[in-house]
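As written, the chains take the letters A, B, C and D, and residue 1 is the first residue of each chain.
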Amino acid sequence: MSTGFFGDIAKIKYEGPDSTNPLAFRHYNPDEIVAGKRMEDHLRFAVAYWHTFTWPGGDPFGGQTFERPWFEDSMQAAKLKADVAFEFFSLLGSPFYCFHDADVRPEGKNFAENTKNLNEIVDYFAQKQADTGVKLLWGTANLFSNRRFMSGAATNPDPDVFAFSAATVKTCMDATKKLGGANYVLWGGREGYETLLNTDLSRELNQLGRFLNLVVEYKYKIGFEGTILIEPKPQEPTKHQYDYDVATVYAFLQKNGLDKEVKVNIEQGHAILAGHSFEHELAMANAFGIFGSIDMNRNDYQSGWDTDQFPNNVPEMALAYYHVLAGGGFKNGGTNFDSKLRRQSLDPQDLLIGHIGGMDCCARGLKAAAKMIEDGALSKPLKERYSKWDSPEAQKMLRGELKLDEIAALVEREDINPEPKSGRQEYLENVVNRYV
Amino acid sequence: MSTGFFGDIAKIKYEGPDSTNPLAFRHYNPDEIVAGKRMEDHLRFAVAYWHTFTWPGGDPFGGQTFERPWFEDSMQAAKLKADVAFEFFSLLGSPFYCFHDADVRPEGKNFAENTKNLNEIVDYFAQKQADTGVKLLWGTANLFSNRRFMSGAATNPDPDVFAFSAATVKTCMDATKKLGGANYVLWGGREGYETLLNTDLSRELNQLGRFLNLVVEYKYKIGFEGTILIEPKPQEPTKHQYDYDVATVYAFLQKNGLDKEVKVNIEQGHAILAGHSFEHELAMANAFGIFGSIDMNRNDYQSGWDTDQFPNNVPEMALAYYHVLAGGGFKNGGTNFDSKLRRQSLDPQDLLIGHIGGMDCCARGLKAAAKMIEDGALSKPLKERYSKWDSPEAQKMLRGELKLDEIAALVEREDINPEPKSGRQEYLENVVNRYV
Amino acid sequence: MSTGFFGDIAKIKYEGPDSTNPLAFRHYNPDEIVAGKRMEDHLRFAVAYWHTFTWPGGDPFGGQTFERPWFEDSMQAAKLKADVAFEFFSLLGSPFYCFHDADVRPEGKNFAENTKNLNEIVDYFAQKQADTGVKLLWGTANLFSNRRFMSGAATNPDPDVFAFSAATVKTCMDATKKLGGANYVLWGGREGYETLLNTDLSRELNQLGRFLNLVVEYKYKIGFEGTILIEPKPQEPTKHQYDYDVATVYAFLQKNGLDKEVKVNIEQGHAILAGHSFEHELAMANAFGIFGSIDMNRNDYQSGWDTDQFPNNVPEMALAYYHVLAGGGFKNGGTNFDSKLRRQSLDPQDLLIGHIGGMDCCARGLKAAAKMIEDGALSKPLKERYSKWDSPEAQKMLRGELKLDEIAALVEREDINPEPKSGRQEYLENVVNRYV
Amino acid sequence: MSTGFFGDIAKIKYEGPDSTNPLAFRHYNPDEIVAGKRMEDHLRFAVAYWHTFTWPGGDPFGGQTFERPWFEDSMQAAKLKADVAFEFFSLLGSPFYCFHDADVRPEGKNFAENTKNLNEIVDYFAQKQADTGVKLLWGTANLFSNRRFMSGAATNPDPDVFAFSAATVKTCMDATKKLGGANYVLWGGREGYETLLNTDLSRELNQLGRFLNLVVEYKYKIGFEGTILIEPKPQEPTKHQYDYDVATVYAFLQKNGLDKEVKVNIEQGHAILAGHSFEHELAMANAFGIFGSIDMNRNDYQSGWDTDQFPNNVPEMALAYYHVLAGGGFKNGGTNFDSKLRRQSLDPQDLLIGHIGGMDCCARGLKAAAKMIEDGALSKPLKERYSKWDSPEAQKMLRGELKLDEIAALVEREDINPEPKSGRQEYLENVVNRYV
């Protein structure tokens, strides 16, 4: 039974590239086989509960622009929101969704009330999931909006906040397990600092290490089979966030003995804020063996904050999915749209249109990436470029069987004086443009 | 016997804050005791051979502006340059200097000739050091200027370049040891990529790991007692440099088992390019236990490349030395001026004036930092802020003796509902301003 | 009669540089004579009503942290806020304040109610001003927070929003005149675009030109003797704001015939966001003859949004006031603290401490600047550097009395082949450091 | 007769989208009619002499990587370079080229010698043009590389440099006229400052105004019928360049009475450095009526300097040409590839491949743009969005027939209380994606 919020719109269908229907897919065709797998199973799209159903359209200079009938902090409103959300997932054909506790339940006056409220909604969601077949990609705890977290959650100078945060994560992990979530995510929005003047970095990094170990220990205790994911971001709202980028997270995981336990959820916009391309972060995660999932959006290259726009540049998406596929594709992970409407996009249909455009853009990227891989378009030249390293002598050097002075003697003896070869960047860029 | 290059200038002296003599120190007073140690021994200033004696004043849009009598690629010119350089160190009273092989010797036609040339100059330097008392803070190999390194040194797709680079580092480590250098530095200016399209990240990171292990193994073999330092930089000339920032280096060191062997040489300008403050990188290195040395300069906050200007903002220097002192001060490390004149500053005296201003600025920063530490100006409020963590219960939580569900039970049972406290940032900023 | 909000704090006094009292001035001494004028009359400090009394401490990832008894949208709360505000101005000794309509009055349901509410508060303020001697530096209209302005005020695609905005500005100009305001400011927070796809730039620039002409016409009609000021900002909340920087505003003013009528209110943080230094924007405004007033704050150089922190870097302030003084000092303008506490700075005292630190920092900057001007520390070398332009031949060329081919003939005939001279940047930087 | 430099390559042909020949066009088909005009006549491609034939592959950290037989400073080498260049234009099918004086002639020891050398080469070029049919899009003077220009050309503190620069521009305008150039460009690479401490902004802006007037006066004197173009850039090599962006140039042109005489040559990479999108700068130039020509390249969004890469993102090109076509298309202007190979792209073929990729990318962008315009894909929704402004009442307001108080009275009387409407950004973005 429809809530009526989206008017009388039918389930979004694939109509092919020539369609001009704004409420149809032109490229995303869930059952189409790409590289041996259904597109839906490749992309594993998820809708983000927060942006799509709870964000009011505010920014630092203006308040709410969206008017949604569920914008009040009550259990009744939370259920209406859930009704609309699951209707939206079904209309869109999104196989997954993601949420924070604070997105889905009314705010309680203390931990006990938060837990009670969350549990009530989890039961409601469980029934919705059963009715619609929509699944949970990941759950997470919002440890950044409430004023109690203003100076950090795990990294707070007050151990009571650490405890409150830990307790909250426990309930969110329970909820995620109950709803069959494929992953559990930690984004440390307040785990960082505003000023080093009032911050003891070493202490706070230790607190954060302990916190993450608590999470992993609890995962095993309850038999949660999903992946624990950290989502890096360099800053905003903090001046510096400890999980700055993939490399920083990897340093942290190694230090805390968790590099085999925890993976990363990489967001395009966060990569940009950190001074990287999206594909850089993906390639790094592959190199470190910690790639998990992606938060798909785009950042405005001329804005210095997280704009969380729907992706719309196909060449960028092609390179992103190239690295996803090159790393073996998603296992538990998926493509979560951590994307929000512009605050001037007031209409309910805009929610559908934003997601449709994003899904089409990802689908085009995926198809281009799969074709590049099939053709060895990039991998063949790459293999060729490094081929001299396959020689026994080079391998010996790489295995450490030659020492520095031995190598020096060799260079002198054989007068090794290498001539550079073209890196062929423009050629490879043109090759990519054949696919997009 | 003077070369005459600087005209008839006497050794730069300390004249106190009221001096208006542009060729005198107003704040740097080598023998003055600060926090129990001579200023000279605290700051351990070094002059960078490359900027000060070999940079011609070019930029991407224009060529040489400086006219120096030693600007030609011959052994004779190299010796004239050395004469002027050691004269400069003595005039300035800089206790240390730093160099790359390519700064000091003429370029040979192959490795053997490079080595021969380097060795000849090392002998010349050894005599100069003995004559003047000036010491070597660190040596390093230039593995980025010659076209053979255009696609990387250790990370080159061609193993011959890896070998050539290793051989070159061997000779530079030998030179550094012979000259009694306190450290050996690796800056991987080409160890990164221009495009991921032609780059195998995993391979290249492995190559780099092996290379660094070669260096550490050789250090022990020859009994070099200095510190091996990596200098992080995020980019430029590359689009991405593997040693991006302190955290990235730490990830790399751990992965390669070198986090107890290698430390970092942190440059202010590189910190800025990586999106960090200088004090952030210093504090991170302290937290990871890998702080080694600093390259002192400043970057223009409105320019997106490495401007390598002499430091001149005292409040920034005070915070930088605060973290240096808080970490125990320099051991083998020091303050190397990786700073260059603006290309319009043509006169020989400008070289002295740039360094004098930088040294005075550092000296003011050091004195302010030492006083803040003495007064506990920042450390007392910091300790107070985290004091609740000293309780036995909090320590138990931090040691891992409480599990996630136990913490949750505790929070529920005791209705822990923390109230936030002021972070007092403005107060602390005002406190710092009392010292600068 | 005290509201009690600040507890029992006495008026902030000047205690001199050695004071460690956090609630005293160490450098700002209102009656001290600097360059022939009282410091208070030089600096003309103003408190910003919005940050100090209405901002709840929220950011894009978290809600209110501050708890103020007046945080509700009623006339009674508005008057309590006014009571506390004027008490604050008096405690601090701030001679001025600034406000938007929306800061001071409850939001009405339409224009008529807004006007009525504003008028009631204006009467209340008038009495407060009379009682305390505090004056209005400038008033302005908030044409960006309410959702009706989401697509622009003057530049809205809907002419009704233009009309509503014009009407609102009329009431705010009336209020400003009634309260004896020295200036009236326009900051076009929504006058820009999110995407060019839905934007007709030419139309919108024309609308904005008309709007500004309406304001100037009305100024004369009512005999308002203050200055009309535009406050440039490059972006945020918009992707692009039409009043991007001083040069862009100057282009706009010329195009609309207003370059003699309107001046600029320059904010440090906005300069930084536009890719400029603060002193650049001040120098540009002086060069164009449109300098009016300043919004004083600082931006975090590592954050890509407007952080609006209290200024605390004295060397930066010295250069800023150097340009203010070099342009003749403030006339109607002043130093408005468009600065806000960090959201973790919860305590009422933090409000005082933030302003005290900012005022002290400005005072130090002013004194250094005045001394540099008195000594001709920068102006003498500057005059010398350009002195060849004073020759009759050079002046002839500059007046246009020689044409291109005549100049070419001259260069050839006299074989003019100029040798460059040192720009002495490091020397000048060291000179500045003598003063700060 | 071939120079042999490119080996035995035939003229590049259009082979259609399915071609995998790296030395063929897949989209650029010169004779294909798009929006009523041949593609060649729309795009008016030009090759930049400097990047393609004179750049040695250096960067701030490394020297020459390219080895070209003409890399020496002699007339003979200059002629060989010209032979290869015109061969390249013909192979590629580029109808135009662009040059600086310093690109094409050996450097003389003074102005007279420079002029003589330039004239000799101009004669050589004239013959080449006649032989090949290739034309000159624009000429310009290099007033930034030689050390004499280090402190500015027109804005130099030394009037002799102003004179030398003026004389040089005179010879370059003569050369451009003689070669039938369609435009003459001024890029003020050194017209800016490194530090305000040694800069008199007002003086320098006046000098620059006079200089530009000299140019325009001389244009009329010699009857040059091309367009005078200024190329904005915000910085690099300077800290601040006076021709910062389109709006800044427009301010300057108005101030100097030249806004009807001079237009802009907009470069994508410079737009990005200035904090703008390319289409922003194009739209601004259209709005001001000063659009002239484009320098086509792309900047790396993660690098803070001008990377001058060949364009390869089709969606970006589509929006760029959308604005070019929306403004009426090129008249004298064209698409100059101010793009250079990566310094690792050593092979002669890389030069062709880079340009082919860029030309194909532009061609795809042009076709998409033309189709969007034909369909009214963006213009129809745009017209609709502003349609309320077409009402007589709104027009009256816009013409200034209603004053501020009259508008206020109207708003109050009619209780105008506008409701916002969706800006439909995501919908429009999806529409664009139908075309690319």
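Just so we're on the same page, a residue touches a chain if its C-beta (ideal position, glycine included) is under 8 Å from a C-beta of that chain, and two chains touch if they have at least 3 such contacts.
In UniProt terms, the chains line up like this: A, B, C, D = Xylose isomerase.
All of these numbers come straight from a predicted model, not from anything done at the bench.
Q: Please find the path from subunit B (Xylose isomerase) to subunit D (Xylose isomerase) through touching chains that uses the fewest steps, and give that number.
A: 1
Q: What's the call on subunit A (Xylose isomerase) versus subunit D (Xylose isomerase), same or different interface residues, using the half cut on shared numbers?
A: same
Q: Between subunit A (Xylose isomerase) and subunit B (Xylose isomerase), what's the gap in Å when you average each chain's C-alpha atoms?
A: Chain centroid spacing, subunit A (Xylose isomerase) to subunit B (Xylose isomerase), equals 36 Å.
Q: Using mean CA coordinates as chain centres, what's the subunit A (Xylose isomerase)-subunit C (Xylose isomerase) distance in Å?
A: Roughly 40 Å separates the two chain centres.
Q: For subunit A (Xylose isomerase), write out the residues touching at least two other chains, lowest number first.
A: As it turns out, subunit A (Xylose isomerase) has residues touching two or more other chains at 65, 147, 150-151, 194-195, 235, 240, 275-277, 302, 342, 344, 420-421, 423-425, 429, 432.
Q: What pattern do the touching chains form: line, ring, star, complete or other?
A: Per interface graph, the chains form a complete graph.
Q: Over in the complex, which subunit C (Xylose isomerase) residues touch subunit A (Xylose isomerase)? Could you list them?
A: 57, 59-65, 144-147, 149-151, 189-190, 194-195, 235-237, 239-240, 273, 300, 302-306, 342-344
Q: Can you name the residues of subunit B (Xylose isomerase) that touch subunit C (Xylose isomerase) in the complex?
A: That would be residues 20, 22, 26, 65, 272, 275-277, 301-302, 310, 312-315, 341-342, 344-347, 350, 353-354, 356-357, 360-361, 420-427, 429-434, 436 of subunit B (Xylose isomerase).
Q: Help me check something: in the complex, which residues belonging to subunit C (Xylose isomerase) touch subunit D (Xylose isomerase)?
A: So the residues of subunit C (Xylose isomerase) in touch with subunit D (Xylose isomerase) come to 110-112, 115, 147-148, 150-151, 156-164, 166-167, 169-171, 173, 194-203, 205-207, 210, 213-215, 217-218, 221, 234-235, 240, 244-245, 247-248, 250-252, 254-255, 274-277, 279-280, 283-284, 286-288, 319, 323, 378, 381-382, 385-386, 388-389, 391, 393-394, 397-398, 400, 403-405, 407-408, 410-412, 415-421, 423-425, 428-429, 432.
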